[in-house]
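Each structure below appears as structure tokens.
First chain A sits with chain B, and in the next complex the same chain sits with chain C.
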Partner chain A sequence: MRELIKSWKTVPSLAVLAGLFVAPLSLLFVVSFWSKKLFRVVPDFVFDGYQKALVSYWDVGLNTLAIAISTGIITTTIAFFFAFFIRFKAGRYGDILLFISLVTLFGGYLVKIYAWKSILGLEGILNTALVGLGIVSEPLGALLYNRGSVATALTHFLLPIAVLPIVASMRNIQDITLEAGRDLGAGPVRILLGVVLPQCRAGIIAAFAFSFLIAAGDYITPLFLGGTDGAMIGMFIASQFSIRFDWPLGSAMAFLTMFSCLTVVLIARLAIVRGRK
Partner chain B sequence: MNRSSEWGWWGFGALVVVFMTTPLILVVLFSFGESALTNFPMGGITWKWYDELFANREFWKAFRNSLTIAGVVVVVSTVIGTMAALTLARMRPTLSQPLLIALCLPVMMPPLVIAIALLVYYVRWVGVELSLFTVILGHLLVTQPFVILIVYARMATFNYELIDSARDLGANSWVTFLTVTLPIIRSTVIGAGLIALAVSLDEFLITFFTISGGNTLPTFVFGKIRTEMDPTINAIATILLVVPLPLAVLHQVGAALLFSLTLWVTYELSG
Partner chain C sequence: MVNDRDNQLNQKDSPLVRLRDLSKSFGRVEAVKSINLDIKSRDFLAILGPSGCGKTTLLRLIGGFAEPSNGTIEIGGNDVTRLGPERRPTNMVFQGYGLFPHMTVRENIAFGLKIQKVSQSEREQRVDDVIGLVRLEELADRGTGELSGGQQQRAALARAIVMRPQVLLLDEPLAALDLKLRQTMQEELRRIHNEIGGTFVFVTHDQGEALALSNRIAVMDEGNIVQEGGPEDIYASPESRFVSTFIGEANILSGRRQNSVVTLAAGLDLPSSSGPDGAVILVIRPEAVQILSDNSQADVRTEGTIVDKVYLGAYVRFQVQLSSDELITANVSTLNLPKEYFSGDRIAVGWGGKDHRILMDS
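Entry: the complex of A and B
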């Protein structure tokens, strides 16, 4: 109790948390049980929102999970090998590579989406290059507005975020453990998967959790790069609040999405922890 | 280790670096290109997109809003975040760990969910007018976790005997803080403020939903991408990319801080 009184200095931060996070989210949860009558949202206790969300948006929800899970796995895999390269192979260039990854954290989230739109578009840089080099005769329309373009842009955005925790957890691995593995006759693959991987699973879990959660909650990337094929749930949640004003439906979709995402993260964590034994 | 696998690793590393940097390099490059299309051939070298951007009054309004918001957010967030971190660092772990995790939850949620929750909260429950003020509140929520984590991580290696000595010599807690604690952790606190600045300047979703009228730089860029793909976006992008860089480089600890932060988060998540 004395400790609590002494801790008044945490009050402003906790007030921000309580007033701007706990309260709004709890109230959003309450709103998800309200009903929508014509143009008004009225207090109620019904499951209309959840029912509508599951009936009308299950396909978008699954599409979202598919895109987010593949983005998470691709990002984490590239990040793992790149982190391994930085830590054990690049020597004195490792720090420079890490710095480059840090720099690409800046530059803005919207700017990166815009850059990918200019690269992958019908009259974009990649198409011009492909046509110019005579690899294809017509510009490819299939580069943009699908799951692949969304996953590419998301991977680009998330890669530096995923590299950092894995490099951080690899710092703790001594070079001598690798040498020991080599001396005992383990090949490069065995060392990578049997010696390094188990020792940085904390970083891998963090990298996957970050990249998967951010991807699943994103809505601007699919809005600009997704087309109909790459549509994600965030776009539909946002439109319930900006155009359609169906708050109960939007809130229900938000909570279902968060719940599914948490489940995926917990399963992934379990898989990674178990896989080591 | 044989030669070819060594080459394979370098090839892979180079590919990843190209993938990470090319989009950003292209944006910077085309901001100086004569051509109105973001594509090759880019034409001659020109400043005209910057001139056009600087002649746009909406850009300056957005710029001013972004600076106002970021300015308030950095100061408030750094002060209250540091206060909280210093206190949490001296608490029993059984008390401080749950509090830390709770304080960091807002950055582990999709920003869209926080944005709509705040919108509904402001409009329906509190009845406050949406303005720069409501945006600032939202930014505080998502910047303070970074400040708290960074300062908290620094305090793990802090020598508390220095504080005890100062107190023994008769300094009160304020004097001790200003003359002992703060000078020692100053670079960490500045670094934490810079991270808060970067997060606030780049924040889009919460801003977009809680600003009602007006623009910040990210919402201004959003409007431009949505309506016309015009090359002044390259110019803004270059500014946004280049401006934080000297800050981060000058402040060498910036990178180290981010590193210790992720190390800590990693450690936490691994339970």
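Entry: the complex of A and C
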């Protein structure tokens, strides 16, 4: 009886979970098996959506994973060093640095996209500088509208989000474990990889999962910076719902993307946990 | 890695560690002030002092965890002043142990040997040896989080010892342990020092621990080494008020010296005391003070009133108020008590002339 009363207390949180996550996902899941007749979506049980998604969008899907994985890895790596600096080297300025990096999140995300557009564009800062220094004779068109420009902007935007969990897990590392490492003869690289990194695995996994998942689901950055090379699946999913009214296809694409992303995160987690030596 | 064993053998009599004019300031605070100290091979040296006296800073300077503001550090004839801890022939047992939480006990101990690229067979042998030495056989493959404080202490000790350092540094090694465990670990440390015969330097604020463990003690106060010597010397011949009260208990009686005669405030003269004129203190250990029966003789003899008496089994502790209102404590063996005394009794106390020390009152 007491167990029952106890479990009642979880009802509000379960309701939130059900209302905000389970219900929409279930709805999408159901719709993904429906079929589209002209401009109407009718209840059905067919795999047309999945088939179409795999046949027509597999290349965009892989492109998305490639961009998101590289964004995740680059972001997490930079975030690790930045967090290390904040936690172990910056002393009392560490908190200020962390605060500043988080404040950049309020700068908005479109602003960053436009900033990168003006940096990497034909008449952008980088090209002007390169031409001015005589390194290239004419502006490089290849700086913008590709995977690299999308990954760069995403990394910029996601960095603070990735720094936070790593700093949090580094806070639990005792300083004397680093001193002990040095005492036993370890150089800086060995300390970083053999003493610090294994002690903040949880933070690294969280940082990678955040930055990878947000990157994989993004559909604004590739729209502005991606061109044809840097197109990502989110753009196409969005258009299935907004322009083409092909909800079954959109839902199927969404589920396939979600499934692939979860697989990537699980593999990454396994790699980081197993990666102890 | 500075490894100069041959060099070291050739200079058997010269000290293993030589500190010259060593100082360290943090901003305006001078934690260590121009210290000169020699540590001989196989010494078990205690750096003893109250908290904040700079003893841990001194140990960290020797280990290379802090860079001196001034002065030099030589180990085994090599100047290591500017070398980091990873390049010194020292290893440290940290106060908080600093075990790697993501490794087992065995992996912790093997960490340094792996870095030195010691072959696997030798590594396993040496790790097994020290695990036996610190008696952690049963727990070697556990994570460090599963160990008790005393066991973590042993693991940290093993991790340092396995490196065969020329100097083993221990920062308050037993401070975090409870009394019973502390006594056991004291015995363990003595045994390990005997078995491996290395040079140990440890920092402590516990004078009992320093006396029990070390063969040399350096007493620190406010960044200076105020006295250095064997435990017996320090206890029997303290050279200052600070040392006499910090190590063991001491009665301090004030007085003046004039023309080689010391006159105590308690109203007695002690002739033939050479030294400059001025304010002096007389230091006498409680166990040296005797209660005298009426006809017995003593080199120094005065009278007072018993204000407190505590029976402590092996001895009785008297607090006696002298004519100067100064209190003197006498720990008298129950076997030596001439008769029974009570609070308020007038009695005579005294001691041998060799038992007290007269120091300038600084």
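In this text, the second predicted complex is superposed on the first by the 255 of 277 C-alpha atoms of A that agree within 3 Å, B and C clash if a C-alpha of one lies under 4 Å from a C-alpha of the other, contacts with A are read in each partner's own complex, and residues count from 1 in each chain.
Definition applied: a residue touches a chain if its C-beta (ideal position, glycine included) is under 8 Å from a C-beta of that chain, and two chains touch if they have at least 3 such contacts.
Small disclaimer: the values here were computed from a predicted structure and weren't measured.
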| item | value |
| --- | --- |
| Superposed partners chain B and chain C on chain A - clash or fit | fit |
| Touched partner set for A:Pro12, first chain B, second chain C, both or neither | first |
| Partner chain in contact with A:Leu270 - chain B first, chain C second, else both or neither | neither |
| First (chain B), second (chain C), both or neither touched by A:Ala142 | neither |
| Touched partner set for A:Glu179, first chain B, second chain C, both or neither | second |
| Touched partner set for A:Ser118, first chain B, second chain C, both or neither | first |
| Spatial angle chain C-chain A-chain B, Cα centroids [nearest 10 degrees] | 80 |
| Partner chain in contact with A:Phe99 - chain B first, chain C second, else both or neither | first |
| Which superposed partner A:Val195 touches (first chain B, second chain C, both, neither) | second |
| Per-pair minimum CA distance [chain C against chain B, superposed on A] in Å | 6 |
| List of chain A residues in touch with chain B within their complex | 3, 6-7, 9-10, 12-14, 16-17, 20-21, 23-25, 27-28, 31, 78, 81-82, 85-86, 89-90, 97-119, 123-125, 128-129, 156, 159-160, 164-165, 167-169, 171, 188, 201-203, 205-206, 209, 213-214, 216-220, 224, 234, 237-238, 241-242, 247, 250-251, 254, 257-258, 261 |
| Residues of chain B that touch chain A when the two form their complex | 1, 5-6, 9-10, 12-13, 16-17, 19-24, 26-27, 30, 37-40, 80-81, 83-84, 86-88, 91-92, 95, 99, 102-103, 105-106, 108-114, 116-121, 124-125, 137-138, 140-141, 144, 148, 198, 202, 204-205, 209, 218, 221-222, 225-226, 229, 233, 236-237, 240-241, 244-245, 248, 255, 258-259, 262-263, 265-267, 269-270 |
| Of all residues in chain C, those that touch chain A in their complex | 1, 63, 65, 84-87, 90-92, 94-102, 111-112, 115-116, 159-160, 163 |
| Chain C-touching residues of chain A, taken from the complex the two chains share | 174, 176-177, 179-187, 190, 194-195, 198-199, 276 |
